[in-house]
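Following this line, the structures themselves.
Here subunit A shows up in two complexes: once beside subunit B, once beside subunit C.
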Partner chain A sequence: MVYNNLLLLIFIPLAAGIINIILPRVIAKLSAVVSLCINFYLIYLVYLGDNAPFAFFDTLILSFSQMGFFSLIFIQLLSFIILFFSLKGVESSIEKMFFILYPLTVAFCNGVVLSNHVFSFLIFWGLSGLTLYLFGLLGKTKEAPKTAKKTFIIIGGSDALLIMGFVIIWLLKGTTSWSIFELKTALDNPASIIALTFLLIAAFAKAGGFPFHTWVPDFALDAPIESAAFLPASLDKLLGIYLLTLMVTILFEIGLLVNMIIISLGTLTVITAVMMAMNQHNGKKLLGYHAVSQVGYMIMGIGSGSALAFAGGLFHLVNHTIYKSDLFLTLGSVEKQTKTAELDNLGGLGKKMPITFVMALIGALSISGIPPFNGFFSKWMIYQGLIEKAALLQPVYQLWLLVCIILAVFGSALTLASFMKFLHAIYLGRRPKIYDDVKEAPINQWLATSALSLLCIGFGIFALRFPLSKIIFPAIESNGIIVPEFLGLYIPQLIVMLFLIGFIVGMGIYLFTKKVRYDEVYLGGSEPLEKFRVAGTEFYNEIRNMKPLKTIYDMAEKKYFDIYEMGSKSTFALSRVLQKGHPGQLQLYILYIIIGLLVFIALI
Partner chain B sequence: MILPYFIIIPLIAAFLISLIAGKKDQWAISLSLIAIIAVLVLSVYSFIIFQKETLIYNMSGWKFPFGIVLVMDALTSFMLVMVSIISLTSIIFSVQYIRYIDMDWKYYSLFMLLVTGMNGVIITGDLFNLFVFMEIALFAAFILVAYGRKAEEFEAAFKYAVMGGVSSILVLLGIAILYSATSTLTMAKVAEELKLLNPKITLWVGGLFLVGFGLKAAVMPFHAWLPDAHSSAPAPISAMLSGVLIKALGLYVIIRIFFNVLDAPIIFTKAFLILGAISILLGVFLAIGQWDLKRLLAYHSVSQIGYMLLGLGLATPLGILGGVYHLFNHAMFKSLLFYNAGSVELALGTRDLQKMGNVVKILPVTAQTSMIASLSISGIPPFNGFFSKLIIIIASIQAGEFWFAFFAVVGSLFTLASFMKVQRYGFRGENIIEIVKEKIGWQMNIAMILLAFLCLLTSLLIIPGIKEVTLDPVVNVIVQKAQYFNLMTGR
Partner chain C sequence: MKPEFVFYLLVFPGLLFTSVLGLLIGWVDRKVTARFTYRVGPPLFQNFNDFFKLLGKETIIVKEGVHSLFIVAPFIAFGVMVLISAIIGTALFYQYDLGADIIVVMYLLMIYSVMIILGGASTGNVYSSVGAGREIKLLLADELAFILICLVPIIKSGYQIKLDSILMAQVTNGAFIGSFSGLIAFIIGILCIQAKMALTPFSIPEAETELVEGPLMEYSGPPLAFWKLNQLMMYVAFPFLLILLFWGGFELIGIGILWAVLKYLSIVVLMIIIKNTNPRIRIDTALHFFWKIATPLAFIAIILAVFGY
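Our next item is the complex of A and B:
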């Protein structure tokens, strides 16, 4: 076999996954780590320019592209950190399978972003969906098989549409080449619009965009939490948004109306998911809904057609994978210590698990878009790009876009609100007695979450110096898009300074006027009972019970908006109707044959 | 000459078994294994060696076109390989499974007759001869369906026999019309003569054959016998019926007659497209509502036959490639699924998905191989079903048939959904089952593992370099319709 860096990037984790089938657990972990380390080295080689494409039977299969390289870097980075977290703590009964699937998934995701040929893209895409399903089956909850099934029906089903979409644009293009990069199609006929729709469905299903997002919260709830951080929060986002990026840059020539539709879908994703997230009682499900909600911002940015918002969308993608896996992993640490992720039962763990608490706090501030953390920076870019775009539009579109922007900003505020609840319910408030013996998470876990938190801060403060200028802008410019100057008044370093000054002054006041009295809480003269503890899950019950919202929430809880549940209900209804035609009577069956024969005779 | 052995070997085995097998079944098993392995080796050998040429054997020395001829080209040997692989694994699977029902040599004897009939249909070049072999296979199949001797099995066999009778009448009528019009029964000669005759004859005969063989292939709306028969038969027989019988007797004959003899008139290829799409969609919708595992699988056979017919109906080389490839792949994963169902039925005593449970714990081999088969049939890479469906979808879009491509995609989506249901309830359900009624022996496991490997291995057939020497010759036989009789008549 010819030595080829791109091929090795897929082959090495693939090989690690396959040999892990026979290796004992400890060595399997080691082989996974080693394979990812080798991949870092390979990425470095590719970065230096050793990126020859890989061809098989004279057909180009893998090739280097800036956009793919961007995704590749973050696939490797996130995989490595989450793997580090998983080294200790994965439930022992599934550990073996976990460390087989893990490198395989990395290999398949690398395959997707390195593919040049449509077929290899489709195959790797499908394979990454398959490992997602297998991860889902590792879940230990009662609902896990059901969730895995739902996930795979949505993901695998959208794969079939993806195939059809690609083949349609290939036919429209009329080439013999199956290279992804030579398929650019104008949206001027119904077939190309169908193709766009199918590809959009596939990208949305993978990344978790409305209305194909419903598997994400369920998966977060039922699958092992490491895999929730690994796939729906990180790698699947990278892949889904990678496809969306391909669509808007090299597959289709997108017009304004399509931009607006994609932006609106993004807004819907933001607002519906965050509204659902606010009312969750389970931490994992809450994070799952936020994993959906944040995709909305990326979709808005990337689908907008504005260079700045596009860059913002990609940056938000990166930031999201970082802070969302951070949040999932900190919650994972908590769950492993307390055996539950139900917010109603948790509380007051901040003192027992201080490091985890701080990391979760950083993640929560980032996701809520508080400066100077990274989430703020990317959202800022998206908003600014959209507003600049709105300024150039006709009044109708202007209004439309502004509504979307306002809803998105509102979504951001609700995100902050729901993370206040999340933090309060787990780390603050009064601690239930049973958690008195809880200890800080093991070192590998808090090292992993710390690394992610550091990235949150670093990417926020040095956004322009490193991630944007070194990785994201080159990826965008390779598509011929130039990002304009944009920062306006926002200087992250200045904000940090101001925050620090404020913090120091505050601490100073606190230390000099230290008059704090610690006391036992009494209620009616006696110690308060367990049931009087404020869990924090009830924070937003007022919103839940507001007039029009209550009906919507009730309907959502009955899964009326879940495209999967509705689809399965109608399918079974159709199936019952058809079965009535098969009662087992021979006469009827013979009648079918005669009718068939007669129809055919009538035709000729 | 190698050709007659494909019929003689299983036929002799069938009679030898009835002669020398005593009360025990060891002799019957070893004889049938030897026969099947011999046929498998011969068919693989001929597939590799005689790929580019057409072999003809004149029975009893009667010269073409007066006597009965046996013909072997790439399509024939391809089908023979498929039949032998599934027969071999079914025999291996049967050893324990049939002992559980009844220790009996008759089963093996009938099984050999079934194989004789199928091989005969595939290899013969004579229309009436084809009919005779078809009846041999069918009679064996009727009895084998009722082999379990329960009321519902007798009922299913009875229905099967009636519907089979109807189809045989239609086929016989078609053959009679052809004979009276062309005065010959040799397919190549018929093809030659038909060109000179009124095209209406082609249409009428084609219509009769379409319904007659459509019934055998279980194409909608002629499918109604299949769910009963295939779900009532013992599992290895279901695997034979769904995996190869409906293809050997139904689809293969449709390909042979419509493409090589009737020259694929457009009205028929269009009919294939429409019937294919109806079968795909209605079949899968019927399947997804079933809770009886074998019945669900049986409806999926209807749906999958639709894919093959759709591919053939496109009548483009790529479409035919997809159809033929899917035909082979389907034999692998559908037979495997029926073995899985049989193994679960043996171990748990139920076919009801809701009564199954943690099968993955108690029958790991069955559960894992069923996962592979489910993924294959749902068209998930890297398993074989993905590639054949991909080709069919590409071919239909390439032929401008967007809607049919869309139906194929929708069908594949619901196939996935219904096999996810099978996995979720059947193999990874919540019911905790502790007691296994019958332990699954190594023979059954071997049969399942073999086919699971084949589900993965046959994906390789599509790789450039391998495709040219495996699938392309088969497609050539079908695409170059006239070559069949040209070669035979020596032009």
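Our next item is the complex of A and C:
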């Protein structure tokens, strides 16, 4: 075999995964870490320019592209940090399988973003869905096998559509080449619109866009929490959005109406998922719904057709993978210490797990888009792009887009609300007696979450200096899109400096004048009884019970909006109808055959 | 960072100016409120006395709570308030953007609520937790209408989001309050800031009579002094923001100074009158009011703005 960096990027984790089948656990962990370290070195070589494409019998299979490289970097980075978290604390009964699947998943995801050939793209895409299913099966809850099946059906079904979509594009194009980068199609006939829809469904299902998102919250609830941070929160987002990016830049020429439809779908994703998240009582499910809602911003940015929003969408993708895995992992630490993720039962852990609390706080502020954290910068770019686009449109389109912008901005207020509840329920308020002996998470866990939190802060404050100018802008410019000047003004370094001056003046006055006394909580003389504890989960009952939201929430809880549940219900209903025609009478079957024959003859 | 930025931040129009003016306006508030209830009211410098008195008192910290967060929260909120007033003030007085546009300001404003919630809930006090829950619901209630009214000046200035561009658009074309959309948005804006400052009828989180100041219940000494100062600084920052977005800013030459004072005082006095003539409403009523009445009205303002009215 010829030495090829791109091939090695896939081959090394693949090999690590396969030999982990026979290796003992400790060495399996080591081999996973080593394989990712080697991948970092290979990425460095690729960055330096050693990025020759890989061909097999003169057919180009793997090639380097700036977009793929961008995804590649973050796949390795996130995989490494989450792997570090998982080194200690994965349940021992599933540990073996976990460390087999983990490097395999990395290999398949690398395969997707490096593929040049449609076939290899589809194969790796399908394999990554398969490992997702296997991770789902590792869950310990009663519902886990059902959830894994649901995930597999949604992802697998969308895979079939993806294949059909590519075949339609290829037929329309009428070339012999199967290179992804040579299939650009205009949206001028029904077939190409169908192909676009199929690909859109595949991207949405993978990334978790409305209405194909329903597997994400269930997966977050039932699968092991490390895999929830690993796949739906980071790697599947990277893949799904990578496909969406390919669609809008390389595969299709998209017009205004399609842009508007994609933006609207993004807005719907944001608002429906966040409204559902607000009323969850389980921390993992709450995070699962947020993993969906944030995709909405990426879809809005990337599908908008504005260069600024496109860059913002990609940046939001990066930021989301960072803060969402941070949040999942901090919750994982809490769950491992307390054995539960039910928000009603937790509380007051901020004092017992201070580092985890601070990391969760940073993640929560980032996802809510509070300056100066990273989530704000990307949202700010997306809003600007959309506002800039609105300025050029007809009044009716303007209003349409403005409604989307309003709902998106409001979505981040709802996100903030949801996370205030999340933080309150886990870390603040009064602590139930049973958690008096809870300890801080082990060092590998809080080091991993600290690394992610540092990235949240660093990417927020130095957004222009590093991630945007070094990785994201080159990726966009390779598609021939020039990123314009910002419409607004936001200098995070200056804002942080000025804030710090004000904060230090205030703190200085406090430290100068302080006289401190410690005392019990003041309740006007009453006993602090357990039954008066406020968990925080009931914060939004007023919103839950408001007309007409109550009806919608009730319907959503009965899974009326779950495309999988509806699909399976209608399938069963259809089969019941068909069953009635199968009473087991031979005469009736003969009649069917004759009718069928007559129809066949008539058709000919 | 240029050295004059520190002046903007610490002296004018930031920390010193905003806090002194805020403490003075606090006196206006207390005086007018007193006159409404046939009382005499406090002397002019009462708020200053209160502030410095509190600085000398001891800080009582709840043993079981998260101490560091409890202490840091009011000062982070203070830092943010100073920053916001400096940003709005420099745009108003110097037509200069201090590193932030309108979207940044909108998001910065949320930090204040976050800190109230985190600081209050860090103690584990049940009243504080209930108050924190109400605070965030109130934020949700007014935020939707607030986003809409902030979009009106953006649309009317030809999709500009820099604060000085919005101001310049008004200098050349006349203040936005003179148009239908601007007027509607301005009126709803006053109600929004009433809710953002948690003044009656939206004093729901702090509800003295039932929640005993809610999130602030466990606070004492210097941290409480800073919470009170933060609230008074909002009396400056929010009216200034409305003047910046809708009322064409200030023209500080000759008779313009008088106009500036009148503009500012009219907004503040209107807020104080609303505060004193209304009972406190329940949180679900507030949600109902903002989501089902104020938001559709604000959306009408947006439609009018898009069509140029």
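The rule is simple: the second predicted complex is superposed on the first by the 575 of 604 C-alpha atoms of A that agree within 3 Å, B and C clash if a C-alpha of one lies under 4 Å from a C-alpha of the other, contacts with A are read in each partner's own complex, and residues count from 1 in each chain.
Here, contacts are C-beta pairs under 8 Å (C-beta built on N, C-alpha and C of every residue); 3 or more make two chains touch, one makes a residue touch a chain.
All values derive from a computational prediction rather than experimental measurement.
Enquirer: Just subunit B (first), just subunit C (second), both, or neither: which does A:R25 touch?
Expert: neither
Enquirer: Looking at the overlay, does A:R544 come into contact with subunit B only (first), subunit C only (second), both, or neither?
Expert: Neither partner.
Enquirer: Of the two partner chains, subunit B (first) and subunit C (second), which one does A:M507 touch, if any: first, second, both, or neither?
Expert: second
Enquirer: Could you say whether A:F410 touches subunit B, subunit C, both of them, or neither, answering first, second, both or neither?
Expert: second
Enquirer: For A:K351, is the partner it touches subunit B (first), subunit C (second), both, or none of the two (neither)?
Expert: Once the two structures are laid over each other on A, A:K351 reaches subunit C alone.
Enquirer: Counting residues of subunit A touched by each partner, does subunit B or subunit C come out ahead?
Expert: C
Enquirer: Which partner does A:K88 contact after superposing on A: first (subunit B), second (subunit C), both, neither?
Expert: The answer is neither, since A:K88 touches no partner chain.
Enquirer: Can you list the residues of subunit A that touch subunit B in one structure and subunit C in the other?
Expert: none
Enquirer: In the complex formed with subunit B, which residues of subunit A make contact?
Expert: Of all residues in subunit A, those touching subunit B are 56-57, 59, 119, 122-123, 126-127, 129-130, 137, 142, 145-146, 148-149, 152-153, 156-157, 159-161, 163-164, 167-168, 171, 191, 194, 568, 571-572, 574-576, 578-579, 582, 584, 586, 588-590, 592-593, 595-597, 600-601, 603-604.
Enquirer: Can you name the residues of subunit C that touch subunit A in the complex?
Expert: Against subunit A, the touching part of subunit C is residues 1, 5-6, 9-10, 14-15, 55-66, 68-69, 71-72, 74-76, 78-83, 86, 97-104, 106-108, 110-111, 114, 117-118, 121-127, 129-130, 132-133, 136-137, 139-140, 143-144, 147-148, 151, 154-155, 158-162, 212, 217-218, 221-223, 226, 283-284, 287-288, 291, 302-303, 306-307.
Enquirer: Note which residues of subunit B are touching subunit A in the complex, please.
Expert: Subunit B reaches subunit A through residues 159, 162-163, 166, 170, 203-204, 207, 210-211, 214-215, 221-222, 224-225, 227-228, 267, 271, 282, 285-286, 288-289, 375, 378-382, 386, 390, 393-394, 397-398, 402, 405-406, 409, 412-414, 416-417, 420-421, 423-424, 428-430, 464-465.
Enquirer: Could you pull out which subunit A residues touch subunit C in their complex?
Expert: 348, 350-351, 354, 357, 361, 365, 368-371, 376, 380, 383-384, 387-388, 390-391, 395, 398-399, 402, 405-406, 409-410, 412-414, 416-417, 420-421, 423-424, 427-431, 487-491, 494-495, 497-503, 505-507, 509-510, 513-524, 528, 532-534, 536, 538-540, 542-543, 546
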